[in-house]
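Remarks on the structure that follows.
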Amino acid sequence: MNVGLQHYLVVSALLFCIGLLGVIMRRNVLVIYMSLELMLNAANLALVSFSRFNNNLDGQVFVFFIITVAAAEVAVGLALIVALYRKRQTAHVEDLTTMKL
Amino acid sequence: MSILTYIFGLPLAAAVVLALVPRNFRVIMRLVAILATLASAVLAIIMFAKFQTHFAGYQFEQQVEWVKAVGISYHVGADGINVGLILMGAIVAFAAACCSWEIKEREKEFYILLLVMSGGIIGAFASLDLFLFYFFHELALVPTFIMIGLWGRGERRNYAAFQITIYLSVGALIALIGLIALYLQSGAHTFDIPALTDYIAKNPLPANVQQFIFPLLLFGFGILVSLWPFHSWAPIGYGSAPTPTAMLHAGVIKKFGLYGLIRIALPMMPHAAQSWMQIIAWLALGNLIYCGWVAMRQKDFNWLVGYSSVAHMGFIFLGIATLSLIGVTGAVLVMVAHGFLAALTFALSGYIHEQTGTLEMRKLGGLLFKLPFIGAALIMAAFAGCGLPGFANFAGEITVFFGAWNEFRIVTILACWGAMVIGAVYMLRAIRTMLHAELPEKWANIMDAPHIWRKLPFVLLLTALLVFGCLPRLLTDKIKPSAWNIVQLANPIVAKNADLKTAQANAADAAIKQEIQNIPAGSQSDTAIRETAVKEQQ
Amino acid sequence: MNLSLMSLEVCVVALGLVLLLADLWLPVERKRALGYAAAAALALLLLASATGFGSCSVQGNAFNGMFVQDNLSIFFSRFFLLAAIPVLILAVEFSDRIAAGISEYYSLMIFALAGMLFAASTNNFAVLFVSVELITITFYVLTSFQRARMVSLEAGVKYLIIGALSSAFMVYGIALVYGISGTFSFTELAAVAPQFAGNKIFLFGLLLVLAGLGFKVAAFPFQIWVPDVYQGAPTPTTTFLAIGSKAAGFVLLLRVLFIAVPAVTIHWTYLLIAISAATILYGNLCALPQRNLKRLLGYSGISHAGYSLLGVAALSAAGQAATLYYLSGYLFTIIAAFSVVALVMRHLETEDISGLAGLSQRSPFLAATMAVAMVSLAGIPPLAGFFGKFLLLKAVVEQGAGNHAYYYLAFIALAGVIVSIYYYFGVIRAIYWSKGSDLSPIPVSVPMRLSLYGCMAGIFYLGIFPGPLVNWTLEAVKVLKF
Amino acid sequence: MKLEVLPWIILFLPLLSAAVITLFTQRDKKLSAGISVFAVVVSFILTVIFVSAVGWEPAKRELALNWLDIGAFHVDFGLHFDPLSLAMMLIVTGVASLIHIYSIGYMNGDRGFSRFFACLSLFTFSMLGIVLANNFLQLFIFWELVGISSYLLVGFWYEKPSAADAAKKAFLTNRMGDFGFILGILTIWATLGSLNFGALQEKLVSDPHALGTVATIAGLLVFCGAVGKSAQFPLHVWLPDAMEGPTPVSALIHAATMVAAGVYMLCRILFLLNAPALEVISYIGGFTALLAALIAIQQNDIKRILAYSTLSQLGYMVMAVGLGGPTPAMFHLTTHAFFKALLFLGSGSVILATHHEQDIWKMGALRKKTPVTFWTFMIATLALCGMWPFSGFYSKDSILGLAMERHNHILLGVGLFVAILTAFYMFRLVFVVFYGSTKSDHAEHAHESPAVMLWPLRILAILSLIAGFIGVEGIFTRQFPAENAEAAAGFSQYLFAPFIHAPWAASAGLVALAIGFFAAFALYAKADKDPLVEKLGPLSRAMRNRFYFDELYEATFIRLHDTLAAIANWFDRWIIEGACIGFLRGGTDLTGRALRLFQTGNLQTYAFLFALGVAALLFWILGK
Amino acid sequence: MALNDTIFYIFAALSVICGVMILVSRNPVTSAMFLVLTIASLAGLFALLHAFFLAAIQILVYAGAVMVLFLFVIMLLDLKVEERRKIKKFGAIAGLVSVGAIFAIFLKSLSVSHLAGNSVLTTEGSTIELGKLLFSQYLLPFEIVSVLLLVAMISVILLSKKDLK
């Protein structure tokens, strides 16, 4: 079977789900954050493949935005995590439960 | 501007004025509150006196656009159904303001809330726009909650404040849904009650729609009126409320739901009304008998009065349930009468509580020695409460019985039992334990109402009860034509058969009056102008 | 290209930059007052917008239709400006609790505001995405701005992770929508959406977008972050989050549902009803046992999102207009409430309700403001909350004739209101009838007082004279389908 | 001044005096008494003038104002004049005048002096209202108003728990009767469409079966009102207790007028009652007469003896009405009003003389110390027992004659037996109180009452003596023409009329009197304590305990009602308030607390819930 | 085309496997490294889809900048191997189920949906083409992104300031 759009989409969905699983199951905030990046990348893959199979460059432009935004987000997020770590000496989500109920 | 606007506008304006008065000007605050309610009461009496008897339409009307997009307007007016209620509301508001002596802390807030409450509820009775009607009622309701919480008495006042808040909000909101549904289903695109009524009379709502909306209004309003079994907020609420609040709420605000049923539910949803009336009659019995029984077991006088006020609502429901001219007229009569009575009783119990610090009946006794005036007034209130003639309640209750006899035989018999025997049992037991027998030592220092100003509210309310009790036609002649309109819409078949003769007489009467109305004269000019305008349109 | 349409947005961005620059030259002690300057500038912009100065209220498209200026966007841009002014004043009031970078705090708020303004005019998924990200990322920082407080950082991280998660979902959704329809433009999408209404991948994508926007408006089941973030964030941030960010979510929701894919939305009646109902119930029920005031307002914020969603679920112009009206009332109310919280809880470690005890003696003005705000939130006349709820219920019940599920929705909304009355009155009780130990008066600065007066005026005005705003909201939603 | 104004003045003058006393002259006792006495005496005089002006014509005259008019529910406030009401007016105002005057002496020094007169005036007004009412509802209104006055006066000394309880009991018992009464009124109104006596009578005359199937039940329901007010079995229990009130009150309300209102009302609505209803009424009357007389034998409280005697005599009257004889009933009512008022006033005088001692076994030998009281009391006793030519002889004879005429031998026997008992217990009273030896210190130091009390005694004594043969009966025969009416023309004819009309009944009555007298003489002429207590044993105890009716009611009816109330209260507290509302409250709260548990504060949970939410959303739309 | 297919499968498998490794590896550094690998293999897929510019960006920005940032932070914080705390089995299973559900629904939707899938693929993700589009059609988001970047810059500075003055 020829590799088509479906294949790319399945791969992208798989990656997305793996990322999601990472977010859900990992305890380290940094790893969670990496998983989120993976999810964004999955979206990128989907966009690029759609762009290719739709003969439409808009998707790729969008990917460009995603990458930029992700970079900004990562920067802010990591700064935040670092600040948190300095304060609390932990990067584990289980320790971040002073506010609940 | 219609006189009605002044009647409820004055207290509201006074509330705003009070907000600007500095906190330590206590005398001025009290004076402002009393004067504003007094002025409103005087205006209400003038309005009542000027009211054209035997005239079925609305008088003292005023209509101003408000939210045009939704079909809401500021529309007030009085007809036979609400003229008595407005009068009663204004007088009770004045009496309540007079009874606010017992409030010693945070007077500013108290008087503001009291005035908002008074203005709000009179406004609700005066409004002829569904939205306005609901709006004013809620405006009056909220202060109740705060007042119970802040100035209430007893350990359970917190619970009471929340209970009454939540319960009444449930009722009000259910009714709101009903009102909105009514507005939407009618297709008239107006909240204006007269317009809506006319429109629905010409284009009746489908039966299934009526069957859907009517219960909403019935139980929504029913909760507000403490229809059995949704009554349990009333005793605890009144038991914990400060005196003026209990007076205004039990006396006036509680009548809102009933007024809503008569004004809106009956004429606009005749089909559903007819099918529900059997149930209402039996529920009314729940009020009359069951709540009477419960009242018999109460140990706290305010609770007893609370239950008794719940029980009295049974008469009104029974009257409404008849869908007959006599029944509905009687119901309105009881509404007015019970307003005065409930206010009087709570004012008296408040006085006793102020003197003794308790209303637990076992601890009291022989108070009549020390409180000849208050005691005598309380005995009279008890008489009125068990439906003795001479007081307005009797006229209303007996009218209800006569109206209900042909419709609900068994219910009426049981209701009579509730009224004649059960009511008398708990009222007289209370008198016996509180006022009669030996005076316990510890109450040796209590004081009777010292001067005419302290006596004024009681005297005023008693006078009102006696005047309408001896001359019920002052009210019934005003109520009758309007009640007839409503009964005709709500129950055309019965109306045609039973009251045909009266109808013709009334119609002739009204026609003559209308002729007279058409000559613009003095204060009636606005009404007259409206009349002419109507004619021109035709 | 009609750049002049964007004058408002450009001005706001410029304002943010000016604030950043001014920070460099201003002495430390005067930086605090920069907030007032920013608020004044925003007030000027609002005035310009309201009077139609320049091209602030000219309708039209720009950037190849990516940016639209219509009645809806004008409504919301004024809304956001109006919200930002008191929030900035509150931020000034709050500045002593922000250790570093107060002028950055102001400017970040201005940038968030710019994001919201862009969101109001979005007509394209690309703009939607970047403006949402602009808002969200700014709020990550605004949330964790009180670095000295652990809760602030914790809230920031939580918001960051959940926010990023929702972004990921939304982006993936956008990707799928684009993949099927081949376009990001709402206008073009509206044209082709009917033919894809049955395409499951298309729907999949739209649902993911819905989830992303649901996160922004705090709709069930994407509301889980709200209480923690509201509680932990500095109060001005919470305020802006509660009204600005939420309203931005709503305008985007309205645009996506009713401009881009109305053909699909029409099939989602039950979904929207369920979301709205669940949001109302969840928010109100969880708030019931809540003792922390900010957290309570967070839960209550969820429920108010639910109420606002009623109007969306009603799928009618009346409903959309009601949502707009409700949000407007909520604007004044929630700002008043949070302002009081910020002022009263200034020196307290936690924002427990008991901290309000004795407020009626300490500051009758603040007590009255808070009481009015609570009563309005509870939806009782003559305040804004009541008329908003009235319009929403009316819109919902109106649909009930065609679909009885709407009646149930109305009843659920009612149940929610009832429950909410309980806890709102609990707050009032704490204010008025609990005895507090601390009886020192609370000073209120003049701008703060003005802002609170403004809020009170707004609450009362919208409750008593709803006519003008009702007309305006009805105008504003004309661009939306249904 | 027009004649029509007079009745209104007569009616409202007492009310006016009550109002003036209550509002203005509470402090000034003399003025209060003056106003009250003035009002009632003027009423009496005006009544006399009015009666002499209009005469005893049976022609019906009405004055009416509309009180309430709602559709078919039309109530007038009207005055109705016929011989029945005119005579009753005379009795009421007359006896009331005397008792008012008497009260000035009796109540002297009481702290509620003004209040007493206010209430008394209110009562007079209400009673006149009953008498003059031209329709059912007005009758009912005043019916209730006399109930109020009775309540206020019985509980006049409210500081005494027994008085307060008695007032309550009297009122509530009456209310049960009124419950039936109002149902009867409703039935009649619903069937005949009117409340006006005249209109109703016309309808029934033109169509005797207009009431149809409800005729009997309607009649009996209306009779319920009379049962309550006239204290007939089974609602008789309140009257003896009502003796807790001041003695003038007992005389006026609970002997002469109010309790007779039931009989008056039955006469007024006689046209409504059909044969079965009348039969029931007659037997209830007879039974009450017997029961009360039996109880009276073993009572020791002077006022209670008289109270049971009143019950018994009321039983006679009701029996007479039931036998279809309104004239004898009203005749007996009139004479009874005089001699029973006299007896009560006399007993009041005795009580005052012995410093508020009411136990007859603590009196004795008062004949010498209170001569006027003794002689007047004696006259009244003879009248009550039916001694020729005292008034009671004539009226009682007419009742016995009626029973004989109707061939109702049971009731005749009952009547005669009660006559024996009456003589027995009355002479027991007389012997113990006025003869024998003094049995206490109070009796030792007894003194005659002041003149203001004695003059009413004298006047009533004269009336008791002569009322039988001055043609009172004739007034009522005008209203209710007897079947074999022989209008007696002159004084002497009246004097011996009974022996001519019904010689058997008359002589039987006298024989009964003799039996009773001698039995009492034998047992009590010299007794220091009651010999019957031992002789009758348990029966005596039962009699003293009023045949345990109070206990029976306490155990059944009141217990039942209280139990129902307790159940309702329990239901209200635990089911409605506790279970339903509590469940809703608690349920809501619990749901809130449970839902909150999702907010663990843990990011992973949040992320999971977010994902779950997305999954749910997707499944909802795409899962099908 | 077989070659392309093979490359696709290789890259796809690589990315998925590395993705799973991110998930399962205990050490954050390992995770980060596997993320870099995933990103790189995605870049390969991009290239396969003729999105050359993006492939380059992917490597440069993501693998180059972002991931270095990540690693830098990990080093900075000196994060050790994730402690072996008890894995909540219920949580893991629930997570798996919900994510599995999403994936299943996606697959199901994919299987029944009609995708545009042109047979002639003409799009070339060249820099010029993209640039043209970016600076004409997508100028507005581009500008907004610039504001966003500014915000990010300020934020990072603010958040990382050591002293709190």
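Letters A, B, C, D and E name the chains as they come in the text, with residue numbers starting at 1 for each one.
Assume a contact is a pair of C-beta atoms (placed from the backbone, for glycine too) under 8 Å apart; a residue touches a chain by one contact, two chains touch by 3 or more.
Not measured: the values here are computed from a predicted model.
Highest inter-chain contact count (C-beta pairs) belongs to A-E. Chain centres computed from CA atoms place D at the largest separation from subunit C. Taking the mean of C-alpha positions as each chain's centre, the chain lying farthest from the centre of subunit A is D.
Centre to centre, using the average C-alpha position, subunit B and subunit E are separated by 70 Å. Averaging C-alpha coordinates per chain places the centre of subunit B 37 Å away from that of subunit D.
Rounded to whole angstrom, the centroid-to-centroid distance between subunit A and subunit C, based on C-alpha atoms, equals 26 Å. Remark: subunit A and subunit D have CA centroids separated by 96 Å (rounded to whole angstrom). Counting partner chains per residue, subunit B has no residue touching two or more of them. Chain contacts: subunit D has residues 596, 599, 601, 603-605, 607-608, 611-612, 614, 618, 622 touching two or more partner chains.
Counting partner chains per residue, subunit C shows two or more touched chains at residues 126, 129-130, 133, 137, 140-141, 144, 147, 157-158, 161, 165, 179, 182, 200, 203-204, 227-228. All chain pairs in contact, by the document's touch criterion: A-C, A-D, A-E, B-C, B-D, C-D, C-E, D-E. In the complex of the two chains, the subunit E residues touching subunit D come out as 91, 94-95, 98-99, 101-102, 105, 108-109. If you check the complex, the residues on subunit E that touch subunit A are 1, 4-5, 8-9, 12, 15-16, 19-20, 22-23, 28, 31-32, 35, 38-39, 42, 45-46, 49-51, 53-54, 57-58, 61-62, 65-66, 69-70, 73-74, 76-77, 79, 82-83, 85, 91-92, 95-96, 98-100, 102-103, 106-107, 110, 115-118, 120-123, 125, 129-130, 133-134, 137-138, 141-142, 145, 148-149, 151-153, 155-156, 159-160. Remark: subunit C residues 125-126, 129-130, 133, 137, 140-141, 144, 147, 150-151, 153-158, 160-161, 164-165, 167-168, 171-172, 174-176, 178-179, 182-184, 227-228, 231-232, 295 touch subunit A in the complex. Within the complex formed with subunit C, the subunit E residues making contact are 105-106, 108-110, 112-116, 136-141, 144-145, 147-148, 150-152, 154-155, 158-159, 161, 164-165. On the side of subunit D, the complex with subunit E involves touching residues 604-605, 608, 611-612, 614-615, 618-619, 622-623.
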